[in-house]
Structure formats: C-alpha cells, structure tokens
Amino acid sequence: MVTPFGYFLTHLWLVPLFPLTSASLMLLIGRLLPKGAVSFLCVGSVFLSFVHAAGAVFELLAAPPAHRVFQSILFEWVTAGVMPTFGGATSFAADWGYLLDPLSSIMVLVVTGVGFLIHVYSIGYMGREGGYYRFFGYLNLFMFSMLTLVLANNLLLLFVGWEGVGLCSYLLIGFYFLKKSASDAGKKAFIVNRVGDTGFLLGIFFIATTFGTIRFTSQGLGDPRGFPGIFEVLAAMVKQGRLAFGAPVLTTIALLLFVGATGKSAQLPLYVWLPDAMEGPTPVSALIHAATMVTAGVYMVARMNAIYQLSPAAMDVVAVVGALTAVFAATMALAQTDIKKVLAYSTISQLGYMFLALGVGAFAAGIFHLMTHAFFKALLFLGAGSVIHALSGEQDLRKMGGLWNAIPATSRPFLVATLAIAGMPPLAGFFSKDEILGRTIARSAMLDRYLALWIIGVFTAGLTAFYMFRLLNLTFFGLSRIPHEVEHHIHESPKSMTIPLAILALLSIVGGWVALPALWGAESPFEKFLEPVLSGVIPETGAIQFAHHPLIIEFLLMAVSVAVAGFGIWLAYRLYLKFPHLHSKVAASWPRLHKLLNNKYYVDELYDAIFVNRIKDLSTAFALFDTRVIDGLGVDGSASLTRILSQISMWGDKWVVDGMVNFVGKFTQLLSHPVRMFQTGLFSSYAMWILIGLAILLGYYSRHMEVLVRHLR
Amino acid sequence: MMSPAHYLFLSLALFLIGSIGVITRRNVIVVLMSIELILNAVNINLVAFSRIFGDVSGQVFALFIIADAAAEAAVGLGIIIAFFRNRETVLADEMDLLKW
Amino acid sequence: MLASIVFYFFAGMAVASAALMVTRRNAVHSAVLLVTTLLATAGIFLQLRAEFIFIAQIILYVGGIMVLFIFVIMLVRFDVALQHIRFRLQRWVALFVALALGVEITIVLLFARRLPGQGLLIEEPASADKLPPNTEELARSLFSSYLLPFEIVSVLLLVAMVGAVVMAKKRINDQ
Amino acid sequence: MLFASGKVDFFPVHPPMTPTLQAILTFLQNWWVEITCGVVIVAVVPLIAGYVVLVERKLMADMQARLGPMRVGPHGLLQPIADAVKLLLKEDIIPDNADKLIFWLAPVISMVAAMTSMGAIAFGPTFQVARDINVGILFVIGVSSLGLLGIILGGWASNSHYSIIGAIRSTAQLVSYETAAGFAIVSALLLAGTLKIRAIVEAQQQSGVWFIFLAPIAFFIYLVASIAETNRAPFDLPEAESELVAGYMTEYSGFRWSLYFLGEYANMIVVGSVATTLFLGGWLRPFPNVHWLDWLDIVPPLMIAAAGVYCVYRAGKQPAPVQTWFMWAVALACFAVAAIFAVPLFVAPLKFVVPGLHGAFWFLLKVSGYIYVFMWLRFTLPRYRFDQLMHLGWYILIPLAIVNVLAVGVAMILEAEFGWNHWLAAAVTSLVTLGIAAFLVNLHDKRTAAASSPAASVTDPYAG
C-alpha cells in the first residue's frame, strides 16, 4: 500500500487556514490597517494556500493512480452515539478531516488558482471603494469556506463549508448594503439556498441512518472497519445484497442531495437568486457566482456519484433538470440588457450543462466542464467588470458599443472567452461541451430520452453562441451608444486587473487540451485521472456503459455542434452588427415572446404569487391573532381581572394588616420611650456611658482583684 | 527606675483627664487631642512594664500604638475638615447625625 | 534620688499640663499644652530607657501629629472663645465617674501593694547599664517575632493616609 | 584618652561631706564634659550665627560686585556685634489681641529646639553633649523639627494674615520636605548600620569612603530638602518679602525676632552638621586611613595662619589707626589659634588633643562649606511658586528618595552577597535611580501639562 506523503500533504490543513487567518485579521483589526497591508495580507494568504494546494496535488500525483487518496483527520469533531454499519455497530463520528483525491484536487486547484487571480483583480477593482478591508475579509472567509467544502472528508464538514459559502455569498451580494436592491438580493439568495439546504440536510440524515457514517471513504485511513466510509459501506451492502440496484432509499437520498445541489448551483426551480446576485461587486460575481460556489452542487453530486450510479431514476432527474435549466436560462439570456445579467443566465445554463453531464453519467465530463467554465466564465465576468469599470459604472448593454479599441487589454481576452464559451475549437469550451454532448449521444440507443437531451444540448449550444456574441457585439463593436459625459473618461483598467484577464485568457485557450486525446478516440488523461473516484461501486456488469461510436460519428457530432454554434454567431452578427436595427424588428414581430423573455418568463412574479405573498398573508393572519386574541383577551382581560381583585385585597390590607402593624408599632414606641432617652446622637454622651459602664465593671470586679494581681506575676 | 505603682498612677491620672476631656469638651479637635492623651497613658504603662520585665515587647506595642494614633489623627482630622466644609462647625453637640 | 527627681518633674509636668489642656478654652492653647504633656511623657520614656520610643514620641507625636492638629485648628478657623462646656449635667457626671474610677483603681493598686511579693513590683528590673542597646533590641523583636503586626500596622497607615487624603480633598465642584 | 573618658578627679572626696554636696560633686564629676560642651554651644552659637550673617552679606556683596558692610570695624568685622546690640535695644512690640503667651513662647520654642538638637551632634570625636544616646541622629532630626511648632505658633499668635499664611506655608513645606529628608537620611543610615552619631562617622572611617560617594542621590535630596527645611531661598516662601511682608515673623521685632533669627541660623548649622556627619565623613580629615597623607594634619594650622597673614597684609591698608590695631589683633589671634593647632602635632605629650582639635576644625570646615552652598544657591536661584514647591516635594523628591532607599539597599546586597566593589555597586544603582527619576520628572511634566491647575498637596487652600 503506497500512500502519498510529503510536506504539503501533511500540512494540508494549512490550505484553508491561511485565508481564515487573514480573514479573521481583516474582520477584527482590518479597519486599522492601511490598504496596502490589507491587499498584501489577503492576496498573499490566498497565494500561499494556492502554493500549498499545488504542492499537495503534485505530491498526490507522485503516488500510483490506485492509491491517489490522502486523508487526514485533525480531530474528532462530533462523536455521537453508535450507528449500525456493515461491520456491526461503530461509533458515529463526524471528524474534522481533510480528504485529497483527484476530484478534490482539481476543485482545490480551481478554487485557489482562480480565486487568487480574482483577488489580484479585486485590488484594482475595489481600489476606490469603501469597506476595502471588509470586502477582502469576506472574500477570504469565502475562500476558507470553499476550501473546507472541497477538502472535507465527510458530509457534515462539507455542509459547514456549504453554509459558510452561503453566508459569504449573502454578505458579499449585500456588500453595498445601503442599496435596498442589493440587500434584498442577498436575502433572496440566502433564503432560496435555505430551501435547497433543507433537502441537502435531510439527505445527510438519510445517509447517516442508512450507512451509519457520513465519511466519504475510508481510503487513506487504514482499516475500513475502524473508519467506515460511505463508499465502502455502500459497496459492502451491495455485495451482501442488502441494497439492490436502484433501491428506493438510494433514490430518495440522491434526490434530496440533488435538491440541495439545485439550490446551491441555481438549477430549476431554485435558480432565481443567481440573477439578482449580480448586485454584488463584479469580482464577487466572478468568484462566487460563476467559478466556485455555484459549482459546489456539481462537486457534491460528483462526490456522491457512487450513490447516484445506483439509482437511474435520480440520474434521469438530474439530467433532465440540467438540460431544461440549460435551455431555459439560455433563452432568458437572449433578451437581457444588463451585461452581468446576461452572464448570470449563461452561468445558469452552463451549470445546466454540467448537471446534464452528471445525469448521463459522464461525471468526468461534468467536472471537466466545471473547470473550463470556471476559467472562461471568470474571465467573462472580470472582463465585464473591467468594462463597467471603464464606463464608470455603466452596466446597460444599450449604452455601450465600439469599445474594441478603446480598451484593448479587456476586449481581446473577452473575445477569447466568448469564443471559448461558444464552443469554438480549439478552445477549452469546445472540448468540455463536446465531451458532454458526445457522452449524451453515446448513452442513447436509437430514439430515446438521451437523444432528446442531446438535441436540447445542441440547441442550447447554438443559443449560447448567439447570446454571447450578441453581448460581444453590443459591447465592443458597432457604433458607440455611450453618453458623452461617460465617453470622455473611458480608461483602460490598471495592470492588476488586466494581467489576471490575460492569464485567464491563456487558461481558457489551453485549459481544454488535457482532453485532447479524446479527439482520436483515446481516453482522455483527465478522465483517467478521475477514474478511481468516479467509477462506482458496482461491478462492471451494471455499470454505466457508453457506447463507442466510430470516430467518424464523433467528428460528425462535433461538426454539428460547432456548426450550430457558428450559426448562432452568424445570426448575432447579422442582427446586431450588419443590420443594427433588425433585432428590434425581430423583437417587434414577436412582441409576446420578447416580452416573455425580457421578463424572465415571469418566474419571479410566479414565485411571489405562489409562495412569498402567501407567507406574508399567513404572517399577517398570525399578527392579527396575536393582537386580538392573545393581547386583547389573554393579557388585557387578565389585567382587568387582577385590578378588580386587587381593589378588594387592598381594602383588607389597609384596614386589617396595616392596622395590626401600626398597632404593634405604636405599642413598641410606647415601650421603648425610656430607652430612646439614651440615644442623644452625641458621641460624647456615648463616651460617658462607656465610662460609666467601665466604672461599674471595675467596681464589680475589684472584689476579685487579688486574683488578677496574682495572675500578673 | 521608680516602682511600677508610680507609672501606673501617672497613666491613670492621664487616662482620667483624657476621658474627662473626651466627654466634656465641645470642640471636636480637642476631643481628638484628649484621645491622644489616653493613648499616651496606655503607652506609659506598656513601656514601664516592658522595663520591669526587661522585655522589649511592650515597647513594640507602644510603637504600634503611636502608629495607630498617627493614623487615627490623620483620618479624624480629615473627617473634621470635611465636616467643617459641609456644616461650618466643629462643635461636638452640633454633630448629632448619629440620631437621624 | 536623681531618678525620683526626674520622674516627679516629668510626671508633674505631664499631669499639670494635661489638666490645663482639658480645661483651657482656646484650642491652640490646648494643643500647646498637649505638646508639653507629650514631651514630658517622652522624658519619662527616656527615663525608662526606651530611647527609641522616646524619639518616636517626639518625632511622630510632637513633630507630626501635633503639628497636624495645630494646622487643622488654623484651617478650621473656629477660635471664637466658645463657652466650652455646654452640657453641664454631663460635665458633673463625667467628673464623678472619673473620680469613681480613680478611687477604684487606686484601691485596687493599694490592695495589690499589700499582697505578698511587695505588690506589683515583680522583680528587680535589670540595671540601666546592663540593658541591651534599646534600638537594636526593638528592631530585632519588631522584625522577627512581631513582623506580621508590623506589616499590618503599615497597611493600616497606608489606608489611613489614603482615607485622609480622600476626605480632606477639595471636591472640584465645591469651589 | 583624657577628654574622651572625661573622668578626672578634680575634687578629691573627703569623708566629712554632706550627702547632697557629695551627690552634686559626683554628678559634676560624671558630667562635666557634657556640661562644658553645652555651655560652649549655648555661648558660641549666637556669635557664630552673627558672623555667618556677616559672611553671607559679604558674599552677597561680592557676587553682586559690591563691598558690603565696611563701616563697623575693618571690613565690617564688628557688624554682627553692632546688630546684636541694636536688636537688644530695640523696643519690643506685642500687637493687640495677639495671643500673648504663645507670642512669647513661639520664638523661644524655635530657638530652644535648634539649640537642643545641637546637643547630640558630635563636633569632633570628643566634643559632644549627649554621648551615649543610641538614637543620636534621630534625636537631632526630631528635636530640630520641633522648631516648626515655634514657627507655626508664632504665625498664629501674632494674629495677622501675613503671619498665618506664612506659618501655614512653612508648615506645609516642612512637613512635605521632612519626609524626603528622612528617606535620604535612612539611605545613609543603611550604609552606616547604626543611629549613633559617632558610630556613623567611624563607619565611614572603616569603609574608607564618605557616604556621599556611596549615596550621592541621597545627599542631593538631603541638600534640597534641608534648604527647604531651613526656609531659605529658593524655598523661602514662608518669608517671601514680595508676597507676605516677612511671613510668620512679620509682627516680631527686637529680641524675639532675633531669637527666631538665631533659631534659623542654628538650624542651618544643625542641618549642615547632619549632612556632614552622614555624608561628608564628620570630623575625619580627607583620606583618614591613608597614612602617607598624614601631612594633611598640618593643613589646619596653615590655613588659620594664612588668614592671619592676610589680616597683617590688610592691616596696612586700613584708613584709621584703630582699625589697623584691630586688624593686628585679629592677626595675632589667628596666629595664636594656629599655634594651638600646630603645637600638639609636634610635642609628643600633647598629642592626645590632636584628634579633638583637628576633628572640630575639619567638621566646622565641612559645615561651613555646606552653608556656603546654601548662600550660593540663595544668591543664584529665583524663588519657587508654592504649587511648584509642593510638586517638587511630592511628585519628585519623595518618590525619588524612596526609590533611592531601595537602590542603596540593593547596592549593599550586591556588595555583601555578590562581592561587587562598592564603587561599582553605588554607580550602577545610582544610575538606575537617576533613570527612574528622569521617568518621574517626565511623568510629572506630562501631568502638569495635562491638568491646567495641578492638584497640590493637602494644604492647597492657603497656598499663597
């Protein structure tokens, strides 16, 4: 058994610790620090954790593929009772431990790397904002939570990170808490996430009761009986036939977890918070709402793949929800006029892609798309942020245009990212998206649900290309629609913002090449790397099979999707560049549809009508009950009753009780009158009394004086 | 060195005079002084007997008593000054706050 | 003989000035007379070979406490010649009680004198030149067997000092 | 040694003699040295005081480029006598509704206190009244502090605002500064290890170094505090002419005034002698243990003779023949004294008087040096304000003195336990103390800067 080892692995716990340290510094004494120190501390800490994470991953790679698992338990966090597991009863323990295996290593690299770049970017972007230290403190807190999430070795710790990122997202969306819309958006995000988290938590409970443990795996910890992991327990139960393929309990668990995932990664029907989340500062949108946090759901589902693979129903649900979300969001993105809103919807639809991949069982593809998407979506958001920065706060697409040469350092990377997300070869998006589509079609027999999913996917690809290029054209090309007072001081962003853009552009070009061999049918090293984690527990017979089409068909499929994307691009070119007024005509020709899209299918209004307002009515009803019944009848009534009673008792008190007391007092006064004569209040008279007492005592004792005198000798 | 009776009588005389002063004087400052007188009477006894027994402890206690007298004088005079500030008097028979 | 001369001189001075002190009207005169009493007492201490107590008496009482008294008498400008005894009855009672006490104690002492073992005189005190140097002796027993009381007294003095300062301090508001 | 033992059988006792006379004779026989010393002190101190005044005036004149008293006698040498006569002949006024008894008593108290306290001082190995009193130095301090009573009573008795304000000021001042002085003395007594005056001096002789070098800060504190205790400039607030006419002695005149005045100068001599005894090695000549320096014994006669020679030199320049003769007389007197000092050095059978004589000379020399410093400061420094005075006393001197006591103790421990050289120990501890002092001063400055009207001591209401 060759376990990976080395400095970075043994000090894996440092990776989340660095951001936590600087976050606590910021939130405690950050107010006192100068901006330079703040940026140095925060960015430096994230950089440190990036270095440690990279080092740990390299040391992990040093081990042979089968043993690429490192798990270390810092301390037993919660130890609660005894749970039945496959090996009889073992004590249930949620430990504070970190797990590094291929899956989490990819996540941790993405989180720390992209996070570091975005931190650097934020230095420039937030440079002139108030609450600088607060922003960076929250950002680092988020990094800590996210790293805890991806490095957690059990569901409870993962849930801690899960809630932590939720909290940070809430704080950061409401960063401009003076803006009502911002704080509302924060609250909305929080509440919607709660809905999902409820499901997630229930899922965790189910897992705990079913498997008796919530640790993911016992690999790297030695004896699986001492440290039972879900994976092992599941395997054992399946072997013993106590869990059948597609058992209802597994489906339930999977669906509940997926509810949590939909909440966190903005899938139907819980996606509504993400567009509003764009109220936060742009780096936040890039980091949290595009690159890292929203992918937590994807990560979680991929992490629990063993369970999903055993319940096809759940898989189908995941896939269908993913696909629907993808196309739905894409259509909504068509008509948006706010640059960040467009990007938000595109994020939702890309996440839909990921879930589609997970649903069809191509977990590796999903993670792959997660990674590439992290690159180019972060780039897009940062670019958008740079544009907004350049236009001094303008976010409306209708007030942009012709910026291509005005801010070259922003526009070139933006183009790259757009091509990438549109899936143009050989950029990153192309590989990951085609991986997903290819897997989808590969699952399909001749004519069944997978084919439909594939068609939806391809259609979505076209839509994606269209709205992204619409965005690009409206922003950078064509005639400038920028108001003059803004146009005067259009300025390129500082180096600290443009350099991350360049790096991310490079990444979103080359990021996909790890899957290059897949082109000629070989297995992509990325997939091979993730193999040990993502291959389920059941023997190959029941495992998810991907039919191997010949290369021709593969290329054909690629060509199709690329063609569709190209058509989208062409359409965008036609509508928005060639004939700039055509799109308004188009919009006018289908007013209903345009209105529908523009208002996001009225989903928010729907939710308001169904849930929010009903809840408000309920609470008003309760308030009414409170005032009328409880206050009015209960309190006031009893109060008046009391007053009547006390009237009666007062009379008795006055004439009976006080009467006796006064009588006693008077009597005592009468008796004590002679004694009072002694108390003159003059200390000299007291002294006199003392002297008299002394004289009397001496007079009494002088009879026995000889005894005293004898004692003197 | 006289016989201890001498010293005893001397201290008795001082003690009685002091106590009379404490009782009869009006001016609180003088009352305090009379108290000092009483303490002195005690000191005489202590020192005399320490001389008789050839043991120094009596002087130690005389020393302690002097220290206490100093403390008592300081605090008492402080009280008198504060009182004078508030009531414009130092007369014993106008200090009747003990009976309120 | 010399001893008796010294004793009677000092004792007479002490008693006389003490009596005067109690009866004088003027507070300052009383203070001066008390100083005389104290000095006479110091002389008696000296005769008793208690040099250190003697000098402590002079420094502390006469140099310190009495100065403080006179000082306060001057601060408290209350030197109107007040008819110094108001409660006459109390005065007579006091005199009577004091007399009674004196008589009692005198009886006791004389009675003790008639006891076997020549009265109170327990044994013949060590002659003056045999005595150990008083100051060193005092210091030794003060710092060896009476260390704790000593410390307590020092704490007491500290407390008294703080208390006196606090009480006599002028509040800021009553100017 | 004859003088020291003091048992001379002047009166051979014959059998037929009344016991009273017997007692008296034995009494005299036992106590004659003390008695003579006392008489000498009482007789000579007024004269010395007068001449100290003359010296002071001359010095002041010199420092102010004047001549000073020149009329009465050559160079005003007879001025003190004239002043004394004037004071004695002056009418003696007692103001109305002054408290007669106390008005009469107060100056007496202050002078008697000063004189009595001089009784315990050892002007040389033999010349001392209270020989074997084993609290000698305390006796000096305590009794001299009784003079305060005289001042305050006088101020009160003369029933005038100037007087009482001066009296209260001087009381506050003395009470404040006696504390510091006491601590300074304590730190010297630590080094000496005894209260007996002669033992203190002998301790300095044994350790071979004056305590001023082992406890310099203590000496400094004592210098300042003693200036304040004798109410001299720059601390002469009780008799600040510009504010209160003459302070507590405003109403005094003539003889009583001269008593006060005498008490004051006697006090100066007392504090000077205490300082000399404690810090300046008492009657020891410089380097008492270094025998190849014994030729220093010849210095006293030489100095006196030099004075005589100067008188001779000035004698020629006198305007009137009377004054010339007087100068000659003074010169002869000087020579005679010089001879008295010189002869025992060389005549073996008389050698036993050498320590007494020379000791007295060195002692007085040191005391006069100390007093010279007083005068020097007086002519140099302006007067303090009262709150400044109180702050100097309470915020700086007393803490510094306390710290210094500790420091001296530490130094002694270093010397005894760790075998340090006592110079080194003294230097280190003094430096530490100075550091603390600097810190205190800094603190105090901050305080005074912070509080516009700094809280003075308890005696604020009557401060000037």
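Labels A, B, C and D are assigned to the chains in the order they are written; within every chain, residues are numbered from 1.
Keep in mind that, in the parts below, a residue touches a chain if its C-beta (ideal position, glycine included) is under 8 Å from a C-beta of that chain, and two chains touch if they have at least 3 such contacts.
Since the structure is predicted, the reported quantities are computational estimates derived from the model, not experimental observations.
Steps from chain B to chain D, taking the shortest chain of touch contacts, total 2.
Distances between chain centres, each the mean of the C-alpha atoms, put A farthest from chain D. Simply put, of A-C and A-B, more C-beta pairs touch at A-C.
Centre-to-centre separation between chain A and chain D, using Cα means, comes to 88 Å. Remark: chain A and chain C have CA centroids separated by 85 Å (rounded to whole angstrom).
Centroids of chain A and chain B (each the mean of its C-alpha atoms) stand 82 Å apart.
Look at where the CA atoms of chain C average out and do the same for chain D: the two points lie 31 Å apart. Within chain C, residues 52, 64, 68, 75, 87, 90, 94, 98, 101, 105, 120, 122, 134, 164-165, 168 each touch two or more of the remaining chains. Residue positions of chain B touching 2 or more other chains, listed in rising order: 19, 23-25, 93.
Annotation for chain D: no residues touch 2 or more other chains. If you check each pair of chains against the touch rule, the ones that pass are A-B, A-C, B-C, C-D. Every residue of chain D that touches chain C in the complex is listed here, in rising order: 23, 27, 99, 101-102, 105, 133-135, 138-139, 141-143, 145-146, 148-149, 152-153, 156-157, 164, 167-168, 171-172, 175, 178, 195, 455, 458-462.
Against chain A, in their complex, chain B makes its touches with residues 19, 22-25, 31, 92-93, 95-100.
Those residues of chain A lying in contact with chain B across their complex are 679-688, 691.
Of all residues in chain C, only 87, 90, 93-94, 97-98, 100-101, 104-105, 107-108, 111-112, 115, 117, 120, 122 touch chain A in the complex they form. Those residues of chain C that touch chain B in the complex are listed here as 3-4, 7, 11, 14-15, 18-19, 21-22, 27, 30-31, 34, 37-38, 41, 44-45, 47-50, 52-53, 56-57, 60-61, 64-65, 68-69, 72-73, 75-76, 78, 82, 84-87, 90-91, 94-95, 98, 101-102, 105-106, 109, 113, 119-123, 125-126, 128, 131, 134, 137-138, 141-142, 145-146, 149-150, 153, 156-157, 159-161, 163-168, 174.
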